[in-house]
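For reference, chains read A, B, C and D in written order, and residue numbers begin at 1 within each chain.
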Amino acid sequence: MSQPQFAGIIAYPITPFNADDSLDLPALRAGIDRLIADGVHAIAPLGSTGESAYLSEDEWTAAAEASIRHVAKRVPVVVGISDLTTRNAVRRAQFAEQAGADAVMVLPISYWKLSEQEIFDHYAAIAQAISTPIMVYNNPATSGIDMSPQFIARLVREIDNVTMVKESTGDIQRMHQLRELSNGEIPFYNGSNPLALEAFCAGATGWCTAAPCLIADLTLALYRATQAGALSEARELFYKQLPVLNFILKGGLPTTVKAGLKLQGHDVGAPRRPLQPLSAEQTERLRALLKAVA
Amino acid sequence: MSQPQFAGIIAYPITPFNADDSLDLPALRAGIDRLIADGVHAIAPLGSTGESAYLSEDEWTAAAEASIRHVAKRVPVVVGISDLTTRNAVRRAQFAEQAGADAVMVLPISYWKLSEQEIFDHYAAIAQAISTPIMVYNNPATSGIDMSPQFIARLVREIDNVTMVKESTGDIQRMHQLRELSNGEIPFYNGSNPLALEAFCAGATGWCTAAPCLIADLTLALYRATQAGALSEARELFYKQLPVLNFILKGGLPTTVKAGLKLQGHDVGAPRRPLQPLSAEQTERLRALLKAVA
Amino acid sequence: MSQPQFAGIIAYPITPFNADDSLDLPALRAGIDRLIADGVHAIAPLGSTGESAYLSEDEWTAAAEASIRHVAKRVPVVVGISDLTTRNAVRRAQFAEQAGADAVMVLPISYWKLSEQEIFDHYAAIAQAISTPIMVYNNPATSGIDMSPQFIARLVREIDNVTMVKESTGDIQRMHQLRELSNGEIPFYNGSNPLALEAFCAGATGWCTAAPCLIADLTLALYRATQAGALSEARELFYKQLPVLNFILKGGLPTTVKAGLKLQGHDVGAPRRPLQPLSAEQTERLRALLKAVA
Amino acid sequence: MSQPQFAGIIAYPITPFNADDSLDLPALRAGIDRLIADGVHAIAPLGSTGESAYLSEDEWTAAAEASIRHVAKRVPVVVGISDLTTRNAVRRAQFAEQAGADAVMVLPISYWKLSEQEIFDHYAAIAQAISTPIMVYNNPATSGIDMSPQFIARLVREIDNVTMVKESTGDIQRMHQLRELSNGEIPFYNGSNPLALEAFCAGATGWCTAAPCLIADLTLALYRATQAGALSEARELFYKQLPVLNFILKGGLPTTVKAGLKLQGHDVGAPRRPLQPLSAEQTERLRALLKAVA
């Protein structure tokens, strides 16, 4: 495997909104600063956690530019540029590249079911429009499209700047297959929080996660333990943080992470409608979970 | 059951594009004229078939306005106003109402999974912003959200201007349940083409379908036969058109209907990328299927 | 389509047990007499409803013999001979044939997943051992094996005495496909109670059902209405009995039908453990449902 | 966690048949001797791999007795006693206990879907009839019943001699949940071969597997590496044997393991019909896979 661009904890910031539902860029910058101060290895704005799908085109552009500029090469930035149409995904990819992104992440999005050829050509069109490395992102639960390991391996093999894979199905066998299909040459990143321990054990290069917004130290410690081969310690660290990981996943990442940030004193507003803020009852549950690992 | 606004064949036009991927409004108008001339009972622009999800906001607005104006009350118009955010769905609903729509159709769209309360409030916010009747649209295959008959019945019961249901799961039991839950008071429309015979037999008020773009006479004849209680004739008519219905569903409605229109001499352009035009081989198959029912 | 052996209502009796869990053959005979008196068109002992899977080999043999003898050619008898091993399924088929069965019904049963070749050879081995007509039975919910319409059509085409198909998936599209694949030549029977109306509308030859044990007159009236093309009447009859059909399906047929028979004054014992008798609360619900259609 | 009775590699022997389809007890004994010589930590006859579901009652009894006697306390024996009826499962459990089994394994088997109360009472009836420890076995792919971790934890909590859990869904989250629900007190065993690495990483007590019939040394080495915290070595060992593990799982364990044993010079006959011997082509594939790890 060629040296991947980044390894370890790839942190997904939320996108803060003001009370009038407009973008809150100062809060966005503050969130990035906290993640970098905590020591995460890369920042991934405008992913699922960043409510990218709920932003207007102008908002997406403003958030992308502000994020890339504010990180300012302190760590690598991988920008989510997914869009339902190929035309707009290309536009976003080009914008991200020009603004200085280190990589772009592409989730194919379904309304009408796409054939593999349609998905392939979507990636190819984006790849041809930029020279920045591309991370393939598979997450059928949000996108409605499930790419097989065989198809993903083909994307990496046949399109030059498709170089990384983020797998979010939570099915560890997908990672086994990616490894076998590429003789271990494709760097794969885990996007399923409750699979963090096992993905690292199976050889994942990194963990793409919103959890560092709330518990950065635990995610980093888990990564270090697995890299050091300290399996018992890694297992303890994992089971310690698992209740938080499960909670934020099941409640929806923007919803729960925004609630958690507020509990930690950072006002980042509510998720955008139709998403609603976490209920009072669930917020108390989150408070208890965060306290238990503090 | 109070008298529904429209019954029978509710036709879904495609949205034509020029060679440069811009909207082709003259072709859109010509398509509407053909459907009305063929005798369909209502027109439903900007549904799934109309590639609504793939349009920019300006394109959506232009297509909605052109469609409503051009129908000009010759038949009722039900406009698809679905959007991922509540804010924009409200905007579209208000626009459609002001432009003269007879009803709006609302499909809740998922990126992050929505709770029933989030879906309910999404409908409630749209309903409060307009006085036009709303058709609830359930289609998990495209939207990623599956609303139970119990929840749909609650929407109709609790929100005044939610008055109709379009069910596209293809599961006839959903229709049985809607009928039982409402003592037959909720008008339900079938959105699954290969279920057309059975839905009418089970009491569906209408059939929401793109098939009339290609085979309007057969869809209308099936409706008339079921209304007349001519079961044997209805069965024959259904099995005759079923190969076409299955083909256009499986290949994706915009893709296959646009290919079929071209075969019939109407140039409406290609579907928008990442969707691709129907392959030459599949186009030949469609030609044969259409010829068999001509 | 060659004339099928039987059409209409194919009734599935339960298998009564004494208080000591032994077979109650007098009650079995009485149940058969009631069904024939009610006018059903065929009797199908030792199906899923008959708890065939829960009987010892000796019990199966005794129940099969008693059933066939007691029907005594008053109506056709189709005997369920399914078994996990090919060897024993053959034995049962031969026994049924020698005892005078008019047809046998074969459900392939899975423990280890079977390949299509293994399923085909299972049917072929049974078919070769007898000359009695065979009804293919597809019911993945109980058997764990789902045979596609394409595969079922192949069984009918390639094995001489496989002549009928019972489809219990509840997916009406399977019936459409069977009809298309055979140009209407394969007689198909519906095994999903809540699909009774639509299956007849789609051309089903018969309805394989345990419902006649409790509401024979309604099932027969539905059949007659669909055969007469009286669609409105058929729809009313169907919706009238649908609550009972749904209840007995969801609660498990042996469990609910035995409870219903007891409510009607016929003591047929409990289902065999691990199956348990219907709870008191559910029994009251069934009592109300039966009263509503009496 | 109280000290579990056995840990590590729990090996599942196949059940050999003679050419006339009768039990081959000498070959059964030889297979047990090989496993013990190879160093496995326990033997589990009459599981899924042992084609228990395909045996007559007399065959089951003979195989159980021969297995327990021949192991002769050299390692613990856990006997699969599953049956569709509670009555016969109790009989088998009592027989196994009297013959000297160290534990019995119970998979609830579905024909009619069972309620949780019916499953609970099935376990309770077996547990009451013996004093031998019981291993709960969850394997919806073969049994058609999926027990939730919550329900399994209840079985362990409320029934005294239910003390171990074998999870074969392949979903690592089930193991996480069992650990969380019991504060790590329930010993869980992994029954999904391609999850062997991750299950041990997540804290599994043992691996229930037929793989030792063919590659005992590799399975044992993987266990030792994970116990020693040698994560890199464990990963290498796992990926080395994974192609074999996947192959024997996908082809059906009795089918593929019997073919592999024949390749290794041990004639154990074919699986029982409707199961068929591995095809020549697949046998060559297995030969290559085994050679690659020899």
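What we mean here is this: contacts are C-beta pairs under 8 Å (C-beta built on N, C-alpha and C of every residue); 3 or more make two chains touch, one makes a residue touch a chain.
Just so you know, these numbers come straight off a predicted model, no measurement behind them.
Trainee: Counting one step for each move to a touching chain, how far apart are chain B and chain C?
Mentor: 1
Trainee: Based on mean C-alpha positions, I'd like to know which chain lies farthest from chain A.
Mentor: Measuring from the centre of chain A, the most distant chain centre belongs to C.
Trainee: Roughly how far is chain A from chain B, centre to centre by C-alpha average, rounded to an integer in Å?
Mentor: Their C-alpha centroids are separated by 35 Å.
Trainee: If you average the CA atoms of chain A and of chain C, how many Å lie between those two points?
Mentor: So the centroids are 52 Å from each other.
Trainee: In whole angstrom, how far does the Cα centroid of chain A sit from the Cα centroid of chain D?
Mentor: 38
Trainee: Hunt down the residues of chain A that sit against at least two other chains at once, touch-wise.
Mentor: none
Trainee: Under the touch definition given earlier, write down the residues of chain A that touch chain B in their complex.
Mentor: 21, 48, 53-54, 84-87, 108, 110-115, 117-119, 121-122, 125, 141-142, 144, 252-255, 271-276
Trainee: Where on chain D does chain A make contact in their complex?
Mentor: Going by the criterion above, the answer is residues 170, 172-173, 176, 179-180, 194-195, 197-198, 201-203, 226, 229-232, 234-235, 239, 242-243.
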